[in-house]
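Next up, some structures in structure tokens.
The two complexes that follow have subunit A in common; it is paired with subunit B in the first and with subunit C in the second.
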Partner chain A sequence: MKIPYFPGCTLKTTAKNFELSAIASAKKIGIEFIELDRWNCCGVVSSLTSDDLMKHLAPVRNFLRVQEMNKQGIVENENRMITLCSMCYNTLSLSNQRMKENADDLQKINDFMHREDDDYKGDVDVVHFLSILEEYGFDKLAQKVTKPLKDLKVASYYGCTLLRPKSVGIDDTEDPKILEKFVESLGAEAVDWDAKSRCCGSYHTVNNIDIVYRLVQGIIDDAKKNGADAIITSCPLCAFNLDVRQSEIKEKNSDYQTIPIYYFTQLMGIALEIDKIELGLEFNKIDPEIILTKLNLL
Partner chain B sequence: MSEKRKMLKVYLAGELFDVPEGSTIMMAFEYAGFQLKHGVGCREGYCGACATIYREKGDYKLKGGLACQTVVTDGMTIAQIPFVPAEKPIYDLTELTPDVSTFTELFPAVFRCVSCNTCTKACPQDIEVMDYIQAIIRGDIARAADISFDCIRCGLCAMRCPAEIVQYNNATLARRLYGRYLAKKSPELDKRVQEIEDGKFDEQIRELNEMEKEELSKIYFDREIKIS
Partner chain C sequence: MAKKIKLNDKNTEFYEKIVELSGEQVALCDQCGTCSGGCPFVEEMDITPSQIMRLVMLGQKSVMDSKTMWICASCFTCTVRCPRELDVSKVSEALRQTKLRTAIDEISIEDISKEEAKKLPTIAVVGNFRKFTG
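Take a look at the complex of A and B:
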């Protein structure tokens, strides 16, 4: 299966480990990501004001690239655009929803881009890789696993943007299960915990870092309380806060027990026995190899 | 007697003038008696000094172009721009890294790009300006350097940008970073520099320095140009 792929800026800069591991893992189960030509920033964060249409140009330009790929035969009848970063997924989905539901807004955007591109027809669908895996079938994924992640206890961290607002959430906003099903399909143990959809502090990490330390510590404490060995996420900003900020907490307090943070696709790659070089483990801040080595998974 | 040239009416800096058909904006200014001290340079479309804003009769659009390259039309309204007072941070190239963090530090406004593409529409060089700004945002310095290669730094992009990005200064930095850190090193260049330092061409330079102007001019125009 070939599917148009929108990487987003972070996956090309500070979250290379996410892109590397996702592309390698998807390839192993027969899903080929075709990167959009000339993509631009998703437009993050999504503007919620009704008169700020300019902010929706960026998402629409990316949808046009998917339209072009179909027109040029690069993909066949594939109107879905796959995303990995939760934040890109959220921003692109919200804009797309607005374009599909509001013909006047779509018309204004198309008029603004007059003579640049074809009109956006509103028929592209933004999908997260996790939803593609769900459609592929977690049972089928389990069959592809050659190295089950036996005895690894994984806490699935959803954060905000995969689930909220409800209109674009990939699963139930209050009681999501998709990541747990994914974890189980890899042969690991899904830990039930309270902090799975709490906020990590998001962009406060830039200039209100103490808020992030407090929230991250709360999330990590809850994961440890419930016996987790590892936390997975699909958001580069959550990963940065949980991984980098957690390691800074450790620097200030040497007794602090850290817990490794992985992109969900990194654990998928381990279970599919992809060489660790292709999973970008060296980009993870808190040593991701100790627990995997201990459980004979590397 | 030569045929009388058709005259066009144009507004230059708010005043109406008759100028010959076929004039460029720069020729029109000078025909009308303006002495251009700023906003004029090579007169051949290379230097980017003569950014100009104009509007054509019956059109609502404000357009940008180079005064030395844009031919006037009847009823055109023209405003010359002496220079663009855009922000230009001072940096030491040897202390920078060829990645996105350099731009975060020196040109944080680049992240305000909303992908409206107004910069691209303003570019007289037909450069995909928005694409190189987007390349910078994702840390692809080589791509930004490549796309912006023909930029002549006229500044029209920055003047139209709603996000107030100074595109051309970003592009210049991208090309400098590419040249210093990313471009493939040329062993031929090192070899040639060594030859120059060893004095291989000293005799030829001395001969050229001693030549009369006519002789120099002759060998210049008779020279063989090898294009590989």
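Take a look at the complex of A and C:
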């Protein structure tokens, strides 16, 4: 299956390990990501005021590239656009929703993009890779696993943008299960915990780090309390806060027990026996190899 | 003795402005406190999200002096739980925009050290500026 793929800026910079591991893992199960030609910023974060139409221009312009890929035959009748970064998924989905629900707004945006070859027709669907995996089937994924992640206890961290607001959430807002099903399909043990959808502090990491330290510590403590060996995420900003900010907490307090943070696709790659170089493990801040080596998974 | 608040045209004007910008009928708020109870940031706030809703409902411009709207990170926890289905995140955004549109930014790019700027993810920086600058 070939599917148009929107990477977003962070996957080309601080989250290379996410992109590398996702593309390699998807390929292994027969899903090929075709990167959009001339993609631009998703417009992060989604604009929430009623009169801010201009801020939806950037996200919507990307949908034209998906239309073009279909027109040029690069993909066949594939109106879905796959995303990895949860924040891109959220921003793009909310803008798309506004275009689909409001013909006047769509017309205005199209008028702004008059130098483009075509208008956006409103028929692209933004999907997250996890939803594609769910559609592929977690049972089928389990059959592809050649190295089950036996005895690895994984806490699935959803954060905010995969689940909220409800209109774009990929699963139940209060009791999501998709990541846990994914974890079990890899042969690992899914840990039940409270902090799975609690905000990590998000962009406050730029100018108000203390808030992030407090929230990150709460999330990590809850994962440890429930016996997790590892936390997985699909958001490069959550990953940065949980991984880099957690390592800074450790620098200040040497007794602090850290817990490694992985992109969900990195664990998928391990279970599919993809070489660790292709999974970008070297870009993870808190040593991701100790627990994997201990359990003979590397 | 209970403090009396007399509403005037200016209160109504401010209330209507926030309703228009947010698209939310703030007066529907029951003051049940669910938003404040579930907010992961409430410890950092000077007044709670439900107090914000009440002040907006009464058209009290003093709400703009609170830090709460800047602490709110649009995590939508309140939004998905509100029994009146009000999007409290949108009300925070409307308040932020009301300030930012007077050309007063909440942060300056110089506040970020070069060392930090190098390691921060792009979405953190762009997201931050989208929320704190006009």
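The rule we apply is simple: the second predicted complex is superposed on the first by the 297 of 298 C-alpha atoms of A that agree within 3 Å, B and C clash if a C-alpha of one lies under 4 Å from a C-alpha of the other, contacts with A are read in each partner's own complex, and residues count from 1 in each chain.
In this text, contacts are C-beta pairs under 8 Å (C-beta built on N, C-alpha and C of every residue); 3 or more make two chains touch, one makes a residue touch a chain.
On a predicted model such as this, the values are computed, not experimentally measured, just so you know.
Asker: After lining both complexes up on subunit A, report clash or fit for subunit B versus subunit C.
Answerer: fit
Asker: For A:P236, using the defined touch cut-off, is the partner it touches subunit B, subunit C, both, or neither? Pick first, second, both or neither.
Answerer: second
Asker: Have a look at where A:N40 lands relative to subunit B and subunit C in the superposition and call it first, second, both or neither.
Answerer: The answer is first: A:N40 touches subunit B but not subunit C.
Asker: Applying the document's definition of touch, where does A:T13 land relative to subunit B and subunit C: first, second, both, or neither?
Answerer: Both partners.
Asker: Using the superposition on chain A described above, determine whether A:F112 touches subunit B (first), subunit C (second), both, or neither.
Answerer: The first partner, subunit B, only.
Asker: Please indicate which partner A:R61 is in contact with in the superposed arrangement: first for subunit B, second for subunit C, both, or neither.
Answerer: first
Asker: Using the touch criterion from the header, give the chain among subunit B and subunit C with more contacted residues in subunit A.
Answerer: With both complexes superposed on chain A, more residues of subunit A are touched by C.
Asker: Report for A:N79: first if it touches subunit B alone, second if subunit C alone, otherwise both or neither.
Answerer: neither
Asker: Specify the angle subtended at the CA centre of subunit A by the CA centres of subunit B and subunit C, expressed in degrees to the nearest 10.
Answerer: Spelled out: centre of subunit A as vertex, angle of 80 degrees.
Asker: Rounded to whole Å, what minimum CA distance do you find between subunit B and subunit C in the overlaid structures?
Answerer: 5
Asker: Let me check the overlay on chain A: which residues of subunit A are in contact with subunit B and also with subunit C?
Answerer: 9, 13, 41
Asker: Write out the stretch or stretches of subunit B touching subunit A in their complex.
Answerer: So the residues of subunit B touching subunit A come out as 99-100, 113-117, 130-131, 134, 137-140, 162.
Asker: If we count contacts the way the header does, which residues on subunit A are in touch with subunit B in the complex?
Answerer: Those in contact with subunit B are residues 9, 12-13, 38-41, 43, 54-55, 57-58, 61, 112-113, 116.
Asker: Okay, in this complex, where on subunit C does subunit A touch?
Answerer: Residue positions touching the partner: 20-23, 40-41, 43-44, 71, 73-77, 79-80, 87, 89-90, 93-94, 97, 107, 111-112, 116, 119-128, 130-132.
Asker: Can you list the subunit A residues touching subunit C in their complex?
Answerer: Within the complex, subunit A contacts subunit C at residues 8-10, 13-15, 41, 44-52, 85, 87-88, 160, 163-166, 173-174, 197-199, 201-207, 211, 214-215, 236-237, 240, 244.
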